[in-house]
Structure formats: structure tokens, C-alpha cells
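Shared chain: subunit A. Partners: subunit B in the first complex, subunit C in the second.
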Partner chain A sequence: MQELINRAKELLDNGTVARVLGWKAGDLPYDPEPAYFETAESLKDFVYNGFCGANLSKYMIEASKLEGKTLVCLKPCDTYSFNQLIKEHRVDREKAYIIGVGCKGKLDIEKIRNQGVKGIESIEGAEITDEADMLKIQTIYGERSVAYADAMLERCHVCKGKEHKIFDEQIGESKETKDGERFDEVSRIEKLSPEEKFAFFQKELSKCIRCNACRNVCPACSCRKCVFDSNKFDSSQKANVDSFEEKMFHIIRAFHVAGRCTDCGECSRVCPQGIPLHLFNRKFIKDIDELYGEYQAGDDTDSKAPLTNYTFDDAEPSIVGKRG
Partner chain B sequence: MQRIGVFVCHCGSNIAATVDVSKVAEMALMEPGVVHAEDYQYMCSEAGQAKIQDAIHEKKLSGIVVCSCSPRMHEATFRKAAERAGLNPYMVEIANIREHCSWIHKDMEEATKKAVILMRAAVAKVNLNTPLKPGESRVTKRALIIGGGIAGIQTALDIADAGYEVDIVEKTPSIGGRMSQLDKTFPTLDCSACILTPKMVEASAHEKIKIYTYSEVEKVSGFVGDFTVDIRKKARSVDMDKCTGCGVCQEKCPSKKAPSEFNRGLNNRSAIYTPFAQAIPNVPVIDREACIKFKTGKCGICSKVCQAGAIDYEQKDEIITEKYGAIVVATGFDTINLDKYDEYAYSQSKDVITSLELERVMNAAGPTHGHLERLSDGKAPKEMVFIQCVGSRCSDDRGKPYCSKICCMYTAKHAMLIRDKYPDVNVTVFYIDVRTPGKNFDEFYRRAVEQYGVNYIKGQVGKVIPQPDGKLLVQGSDLLDNKQILKEADMVVLATAIEPNPDVRKIATMLTASIDTNNFLTEAHAKLRPVESPTAGIFLSGVCQGPKDIPETVAQAGAAAVKAIGLLAKDKLLTNPCTAHSDELLCNGCSTCENVCPYGAITYEDKEVNDHGIREVRRLAVVNSALCQGCGACTVACPSGAMDLQGFSNRQIIAEVDAICR
Partner chain C sequence: MSIENKSFRPKIVAFCCNWCSYAGADLAGSSRLSYPADVKIIRVPCSCRVNPMFILRAFEKGADGVIMCGCHPGDCHYSTGNYYARRRMTLLFSMLDYIGVENGRTRVEWVSAAEGVKFSDTMNSFVEKIHSLGENVRLGDLRCRN
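Then we have the complex of A and B:
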């Protein structure tokens, strides 16, 4: 982290960048939040540790409109989102100075809590440079320890890889965290009967409180004005209809980001209700892979996306229809 | 608020027998905006249209809904009627209560309920309609014909004779198509070459016709009246201007092992070849896969013997870009692959052949110089068996569900010709039905049976078993006698089903012309617009649209020409005003619409916008309405809903859905 801060100071001082986009400590030891730093002094508040899950790519939409370059810290998985935003002309590559930061898997406080850890005062071992496999947690009830791997976000268990897809320079090592298959859960749900599937999603989606956190954090949900907020489509009234969240909002959102979602997992990370929203997006990704060949949104900035491109050997609509 | 009139058509009994039309009219009066509703026996008749016009005047209607047949049928009729009464034609909506309702339902109560819902959806849409005005676009006075068979040649000649430029693109080295492979033609038995080759010569000599052989359509953009087409002229390796067509190169070519496409692979040709002696143009091509020079770098004999110095091993494919006002598809057919019909032993015995192969065997220029002989040992056959419907009228997925239409007649022709020339040969035909509708067709078939003694057996063949002595054991059934037949034959001829040329899928995709499940191109209307594709400016000629014999093909080719001429004769076309436009305040500038637009109608501009006080320069989509064809691909792809289609706006469509779900 210190190397990162030193480098950021250097770039601020020599005028390469006008500001730094990173994270600062929150009120609690496990909730750092995205923050801009405009002076070298302010960087004393800069943090980068295992709880810095937030994908900063989307902030670059607004940062691209500011004077001068913005130094942005991107983890390997965040770079996919950044590429996708370049592809959609939403961010300006020239306005970004990208430091690809190392990652050893990001932590999920809920996973720690679920292991019966309460009253957390401080956590050791979450630093990116820490070699230990265990988190040492001081609680008001005494010290507890939790294996780092057992506290990781779901998305880190199916990590897309250690490679930064776009960067100006890289700081810090990344660690292999993948120990599961990305589509296993989707495959399991696919095998359920329609009634079971409906019950599953009904149960999950009925928890939605429509706080819009998923939409606000999603780098693919970057419309200037969301269709759900626009008076042009008469959909705002429909939002008030019973069971709208369950049956419409998340489904429509998944359709709107289909083919553009990089599977960064932010939707599920920020959901205060713990709804596994990423499953919708992954189902689309799995279908696209199976029907049109493997495709990873954000792998690059110029390839043609399968859903907005046509080739002669594309799957026939009837084949798409039959799959259900 | 609109003042809407609803007009419910009985369509004689077509609608009224299943839908309570007066109930639909009565219910319409309860819909928002509806101030007038009535039903009438034939809305499309003069009296019916007068009712609409009177109501527009008397009730000061601002929009109308006609509950009738498909808009494909009469939308234009009712739009014109409304226009004559002073209403903007785009204030007319059709609720299709015939094809979508009365024709497919039996229960009157249910059908009436559905008709009411369809009416409601149309009313909901009209409530949001706005008057639209068409623009104008130019017409390039040149036609493109894809395919140089008899269909393409005839269409080209007819268009050229009317004074318009025509280009023919043919993928093989010569024009002529399937017809050039045929020996004699039914029902008159005149020689195919004698009637076709003069037409080929006429086409090639016509000052208005340009022929690109050994060429393929690579890319099509644009729209009716203004298509831009890339044609790939494949490298012939022979300079067309220098070659005199003397044929020495073909004689001297040491590589003579490539199967002859023209003779259906029954014999071989040289690596440098013209497909047949009467080929047009009479300029050979080098088959680079078979040529020794291209394979090993050594040889070059053709170049040495060519007096004209026409051989050019360095020649490259050439892309020609040309503009056209109309495109005629005439891609023809091929026989189906027989891999799934193992029971007929086609791949096991050389003496089991398809009918098209028999044409080559019987042709004087064919592999046996016109002698009927077994291809395995060259012996004259004594017993011949013809099997009908191989792959046609098939109920499983091995073959085609349709009747190939020409097989009954050419089989009668083959049987008759063989009996005439070789009276000692016994000919047996296994058939399911003999279908001979057509002028002089049944008479022809009866002559084969009565005069020439061809033995017709109603029944299918189950198996053809090659015997050790070279004979073929045919196992079939005689349905009329109700017995199994075992018959020894020297040759078996399979009336193999025909299918559209496989390339047609690719071409249809480029042209955005629709095709059916059998890969036949779909016509705009099965009865009333049989030679037009639903895609404006695309016309259909010959078997690419459905199975046909030569006279039908020629007739359709002429009809397609007339339709193309009708288009080329116009100086300007009215464009569809239902084009897309982008809401500047909602546009993200993400390029999704640009990626999906098949017409290249969308570009991006950096433009200053005032978004509720925020002034900034944004990247915004701009639609060129002269290029936009209103397909709506952009409107569904746009994530923010900024793209909208005039006449089919998102709001209109959602209003329709809401009305249906109410």
C-alpha cells in the first residue's frame, strides 16, 4: 500500500494526474469507501486492503469529464469493466492513468459474521501484503481467527484471473484465488423444474427493497437516465405495482446488461439483502458462451459483442427458443 | 384526445362466421377516444371505403382502426381511402381479426373475445399515433441478377430489352445452369441445349447485359432503388480479354483427374477447363486445387501452349462494387445429398444413379457419349428400375416434406426415351402417385405407359441390394396387387428430391430476404405477389422460390422482370416515414445501435446539449432517415430507450401490450 501511495504522490506532484481515485477508511474497519484525493497530504487517508472490493471503473465516467487525468486504481477484475466502458464510449482512456493494483481476493464481511464473529473491533491480515492465510480479528468478546479463503467474496472463488486487461503501470502482486467453477450454480438452477426455479427466484427476489444499490454500482448500468426513472416509458407507475421487483425490475435489468456485463459481481456484493443477483447475469453469459462461442465482455475494447453482431454461423432463433 | 372511428369488416363470412362483428363494434364504442364504430360486409369494397370516408368527414375523425384482414393485404387500401378523405394515412391502424383470429379459431365466443382485444390494442396505438410524412429516394436504373441459369438469363433478357442495364452474377465458370445439363425436355422432347444455348448467346451479346461468371455476391448494403453490392470476381487465372477459346490448354493439361462438375462427377476433367463445349464465356478457368503448377510450382504447360498468352497464374480475386436499383434472386437448385438413403445403395454401386446423372449419361456430350450403359462395366442394361420420390414428400427428417414437382414428368421422359431408343430394355417405375398437372403432361405420361409399355408399379422400394454378379436386387412392394416384389435390375435410377441451392441462405441473409424452413425464398404474398420478396426491391425468379419446371420458371422469370422494370422505371421512390430517431437527452452514445443497424444509417456526432440546465458536449447517435428502413433493431438494442421508431414507438407498443393485458 505504501508503494502505491508513494507512486500516487509522485504522479500528483509531477502533474501527471490531477487527482487520485482510490479508497479511504470508513467508520468501521471493514468498510473502506471509494474516494478522490486531490493533494499529496490527503493521501494519508488512502487505504487499500482486502475489503476494497468496490470496482472504481464506473466512477471514471464522471472523472472523464473533469480537467486533467485521474489516477485510478483497478484490480484485475475491474479492468474488464473499464474496457467495456471504453468500448461503449462512456469513459475517456486519455483521461485515466490506470494503476493495476494487485489482489489476493476480496473479503466479504457477511462471510465473517456468518462464522459467528460479532463485535468486531479490528482485523489483521487483510492487508494486500500480508502473507498469512488467517485473519486475526479482535472483537469485544476476544480474539477470533478466520481463514482468509473462507471470508472471500463468491466472485473471488471463481476469479477470472490475475491479469490486468488494461493499465499504465502495475503495483503489487496478485494471488490465485480460484477454487470453484463460475457456472456451477447456474447449471444447478437450470436443472430445476420450472416450478422450483420460480420458487427459488420468488424467494430470493422478494427480499428486494428496491434500494437501487445494484443499479447504482453496476458499471454496465451507466445510462444517463435509467428507463425505470424516465417518464417516457410509463414504467415509473408500473414500478409501484405489486411484485414489480420480483417479476420485472431485476429481470429487465439483467436483459439490459446482457452481453455487456463483465461479471464483476458488484451487484451481489452491495445488495443489503444478500440476493445473489449475479446469477441472472451469469445465466446470460453462460448462454452466450454456449450459443455463440466463449465471450468475455471487457476482454478488449474493440471486438464485436455476440449480441450486437451477426455472423452467418450464428445460432438460429429456434435453437435459442428451445433451450428455455 | 383523438377522435377515433372503428370499422369492423365481416369479410363475407370469413370473419363474421366466427366473430360477432357487431359485438366488436359495440365494444369499440367503450374504448377511450372512440367516437364512431360500425361493421360492414366488405370494408375494402367501394361502398365500405365510402363508409370510412363519410365517417371521417361527418364525425371529424382524427384516426381510424379497421378490424379486418392482415395489414399485408389491405393496409395500403385503407390508408389511401383515409388520405382521400383528408386524413394522414399513418393515422390508420389495422386490427387483424381474420388471419390472427377468425381463421384460426372455431369457438365464436372465444374468437369474439380475442377480436375485441385486438381491436383494443389497435385503438390504444392510434391514440398515440402522429401524422407522418414520407420522404423521397432515388432509383439506380440497373438490375442485378444473382444466378445465370435459365431463370436468371430470361429475367436479364426481359429487363435488358426494356432498356435497362442488367448484370448477371454466376458463381460457376459459365452461365446456363441446370438446364444446360439436361438432355431433352418434357413434354415436347426438344433438346435442352438447342433451346437454351441461343438464349445464352443472346444474353452475352446483349449490349445492356454484363455477365460476371466465376463470381459471387459478397456484400449487399442499401435498400430498394439504391443497393450497393460487392461482387467477388474469383481469379480465373486466364485473361478473359486475351483468351481466344481455342481449347488447346485443356487438351494439353496433364492433370485430368478432377471430377467434372458438369457431368456430376461421372467422369473427369482437366485442371484448366470450361465446364462444357457451349460454355459462355468460352474462356477456361484454372481449378487451383487440381492444377499441378499451383500445387507443386512445376508444370506451366498451359501457359506454354497458349498462343494468345492469356494464362495468368498471378491473377487475384477482384472485388467490383456496383450500384443497383433492383436485385433478382435466381439461384436455382441442386439435388439433395443421398447419404441418409443407404437403402438404395447409391454409394455402394455405380449402377445406382440419380436422374440428373442419367441426363448426362443420355447426353451426346456426356461421359458415355449418349450410350445407355452401366457405369460399372459399360454393359448395356436390360432391366432398368426407376424409383420415384427419393427424398421428396418425406415425413421424417431424412428428406424434404414437399413434392419436387418435376420428377414424375422427367421419369416418364427418361422411360419413354429409353424404350424408344432401346426397345429391348424393360423399364419399371416405382411410384407413390403420378402427378401430371400441366399442359400436355398427362397425355405425355399416358404415352409412356400405353404406347411405350413402361411398367408402372404403385409402391415404394424398400431396399436395393447389389449382387455378387453385379446385378441389383430391388425389393419393393406393389400396393395395388398387395404383394412384395423382388426384381433384378441392371441399373437403378433415383428421382432425387431437389432443394434450393445451399448458397441461398447466405444470399438471403445479405439481402434480408426471408426464407422458409426448406430454404425456399418466401414471396411477399403467396397468391398476389408471387415473384416479390417481402423485402422491397428484391425479386424472385425460378426454383429459389419453390419447385418448378422450365416453362413455369421462364414464366416466373418474365414476371420478376416486369416487377423489376416497374421499379426501375420510377425516378423517385417514396420512403417509409417510420424511421428511427434518437432522444438526445437519453442517448448514452454507446454505439450499440450503430453496431446492430443493418443499413449503416446511424452515425455519431459530438453535440452540445442542454440537459435540464447542464450544458455539455455529448457523443450522440444521429439517424440518417434516408437510409433508415425502420427495422427497429436499434430501438430494441438501445439500453436507455433513447432510440425510438416513428409509427412504432416504444410507448405505442407498450400501450398495445397494456391494452391486451388489461
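Then we have the complex of A and C:
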């Protein structure tokens, strides 16, 4: 982390960049938040540790409109989102100085809490330079330790790889964290009966409080005007009045990013209700892969998105019933 | 054909493209072919005009089945509209299947302006299918039921 700060200071001082976009320490040891740093002194608050899960590429949409270059720290998975935003002409590559930061899996505070750890005062082992496989957590009830892998975000267990797709320079080591297949859960649900599927999604989605956090954080959801802000639309920005609205909201939300979703997993990370929203996005990705060929959004900046493309012998919609 | 269980009248929404399927429905009418009155046709300029939300809205407002008809692939009045619609609908239907809406409640058929018989056959078989599936209790918004 010190290396990153030193380099950021250097670039600020020599005028290459006008500001740094990174994470600053929050009030608690596990809630760093995205922040701009405009002076070398302010960088004392800069942090980069296991809890810095936030994908900063979406902030570059606004930063692209500012004067001068912005130094942005992107994790390997964030670079896919950045590529996708370049492709959609939402960010300006010339206005960004990308430092590809290393990643050894990001942590989910809820997973730690779910293991019965309460009253957290400090957490050791979450630093990016730490090699420890265990997190040492000081709580008001004494010291607890949790395996790093057990506290990782779901998305890090199915990591797309630790290769930065776009960067100006790279700082920090990465560690492979993948230990699962990303479509396993989707395949499991696909095999259930319609009643079971419906019950599963009813249970998950009825938790939705329509805070719109999933939409706001999504790097692919970058429209200036959003259908969910329209008062004429049934699922406009308000609490749900019936059980259909939440389903409609989530299907539409996932459909809008189908073929553009890089599977960065931010929607599930920010959901205050813990709804596994990535299951919707991954279902679309799985279908696209199976029906129209493997496609990873954000892999490049010039390929055509599957939904803005077609071939003469695409599968007919009746294939859905035939696949079983 | 005969439909048992007269008490249940399904609500079926059919999105028909202006250039082929709507004309096909016209032809079915002028050829005196019959199809159930439960099918309510909504004319759209092209099958590509059908926003996935239209289909969800139809279900929300109490439809028991939604069918989309367009020109045969390759015959689109706007050259390529139905190719895009085909991909979109495939993904949407797959998603609806995934969240537990029976797959039989959604269908896409390509019906040209000369296929009045196909239009009537399609609608008859679709209505029959919805009859066998029964009322759409999963996605209907209860307030909109009378």
C-alpha cells in the first residue's frame, strides 16, 4: 500500500494527474469508501486492503468530465468494467491514468459476522501485503480468527483471473482465489421444478426494499436517464406495492445489462438485504455463452455485444422449452 | 377443436407485427377461420418493437399467456428487426423459465401475411396450452384481477 501511495504522490507532484481516485479509511476498520484525493497531504487517509471491494470504474464517468487526468486504482475485475465503459463511450481513456492494483480476494464483512463474530474492533491480516491465510479479529469479547477464504466475497471464489485487461502500470501482487465454478448455482436452480424455482426467487426477492443500490453501483447501469426514475413506470423509485414489482424490477435491471454485464459482482456486494442478485446476471451470461458463443463483456473494447448482434441461424425462442 | 372447462377464460395478449402477422390475422378473419376471442391482439410496428417490459407488464396486469408474432426471419420489413427480437425473446423467456413461470405461457411464432391458416392454428393451440396450464397465479398482480 505504501508503494501505491508513494507512486500516487509522485504523479500528483509532477503534474501527471490532477487527482487520485482510490479508497479512504471509513469510521470502522471494515468500511473503506471510494474517495478523491487532490493533494499529497490528503493521501494519508488512503487505504487499500481486503475490504476495498468497491469497483471504481463507474466513478470515472464523472471524473472524465473534470479537468486533467485522474489516477484510478483498478483491481483486475474492475478493468473489465472499465473496458466496457470505454466501449460504450462513457469514459475517456485519455483522462485516466490506470494503476492496476493487485488483489488476493476481497472480504465480505457479512460473511465474518455470519460466523458469529460480533463487536469487531480491529482486523489484522486484511492488508494487501499480508500473506496470512487467517484474519485475526479483535472484538470486544476477545480475539477471534477466521480463515481468509471463508470471509471472501462470493465473486472472488469464482474469480475471472488476476490479469489486468487495461492499465498504465501495475503495483502489487495478486493471488489466485478461484475455487468454484461460477455457473454452479445457476445450474442448480435451473434443475428445480417451476414451483421450487418460484419459491426460491419469491423468498429472495421479497427481501428487496428497492433502495436501488444495485442499480446505482452497477458500472453497466450508466444511463443518464433511467427507466426506474420515471413516474409513469410501475416499478418507479418507490417501495413495492405487490410481489410482482420486485421481480419486474430485477428482471428488467438484469436484462438492461445483459450482454454488457462483466459479472463484477458489485450488485450482490452492496445489497443491504443480501439478495444474490448476481444469479440473474449470470443466468443471462450463461444463456448467451450457450446460445451465441462464449462472450466476456469487457474483454476488449471493440467486439459487438451479443444483444446488438445476430446471426441468421440463431436459436429460436422455443429452445427454452426444449432444453428442459 | 373443443375447449373443455368453459368457466376459465384465459387472458391472452398477442403482439403482432404490422407487416406480417397482423395482416396474417386479417387474412384469417377474411378467410373465415376461427380462433378464440380470448386472444387480444396488440399491433406493433415490428416484432423488434416489443420491449421485454411489455411482456412483463402484460403478465403483471393479469395475462395468462403472451405470444409474440412477427415476420419470418429474413422477411422483416426493416430487414433485421426480428433477428434482434429473436435473441431478446430467447433470453427473456429463458429468464422467466428460470424464475418459475411455466415456459408454455410465452411463445414466439413467425407468421407471414399469407399464413392466415397458420395464425388461426397457432392461436388455437396456444389457447389450448394456456387452458391446460390454468390461471397464471404466479405473476399476476392481484389488484388488477376483477
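Note that in this section the second predicted complex is superposed on the first by the 300 of 324 C-alpha atoms of A that agree within 3 Å, B and C clash if a C-alpha of one lies under 4 Å from a C-alpha of the other, contacts with A are read in each partner's own complex, and residues count from 1 in each chain.
We adopt the following convention: contacts are C-beta pairs under 8 Å (C-beta built on N, C-alpha and C of every residue); 3 or more make two chains touch, one makes a residue touch a chain.
None of these values were measured; they are calculated from a predicted model.
Novice: If we overlay the two complexes on their shared chain A, which of subunit B and subunit C does A:Ser222 touch? Say first, second, both or neither.
Specialist: Once the two structures are laid over each other on A, A:Ser222 reaches subunit B alone.
Novice: With the two complexes superposed on chain A, say which partner A:Glu67 touches: subunit B (first), subunit C (second), both, or neither.
Specialist: neither
Novice: Looking at A:Lys232 after the superposition, I want to know if it touches subunit B, subunit C, both of them or none. Which is it: first, second, both, neither?
Specialist: So A:Lys232 only meets subunit B here.
Novice: Between subunit C and subunit B, which one touches more residues of subunit A when both complexes sit on the common chain A?
Specialist: The partner making contact with more of subunit A's residues is C.
Novice: Report for A:Phe312: first if it touches subunit B alone, second if subunit C alone, otherwise both or neither.
Specialist: both
Novice: For A:Pro194, using the defined touch cut-off, is the partner it touches subunit B, subunit C, both, or neither? Pick first, second, both or neither.
Specialist: A:Pro194 sits against subunit C, while subunit B stays out of touch.
Novice: In the superposed arrangement, which partner chain does A:Asp287 touch: subunit B (first), subunit C (second), both, or neither?
Specialist: second
Novice: Does subunit B (first) or subunit C (second) touch A:Lys304, or do both, or does neither?
Specialist: Touch partner of A:Lys304: subunit B, not subunit C.
Novice: Across the two complexes, what residues of subunit A are contacted by subunit B and by subunit C?
Specialist: On subunit A, the residues that contact subunit B in one structure and subunit C in the other are 227, 234, 308-309, 312.
Novice: For a test of understanding, state which residues of subunit B touch subunit A in their complex under the given definition.
Specialist: Result: residues 505-506, 509, 583, 585-592, 595-596, 604, 611, 616, 619, 637, 639-641, 650-651, 654 of subunit B touch subunit A.
Novice: Which part of subunit A faces subunit C closely enough to touch in the complex?
Specialist: Per the stated touch rule, the residues are 189-190, 194-201, 227, 234, 241-242, 244-245, 247-248, 251-252, 254-255, 258, 280, 283-284, 287-288, 291-292, 306-312, 314-321.
Novice: Can you list the subunit C residues touching subunit A in their complex?
Specialist: Subunit C residues touching subunit A: 52-53, 56-57, 59-60, 73-74, 80, 83-84, 86-104, 106-108, 138-143.
Novice: Within their complex, state which residues of subunit A touch subunit B.
Specialist: Counting only subunit A, the residues touching subunit B are 65, 87-90, 222-227, 230, 232-234, 256-257, 260, 304-305, 308-309, 312.
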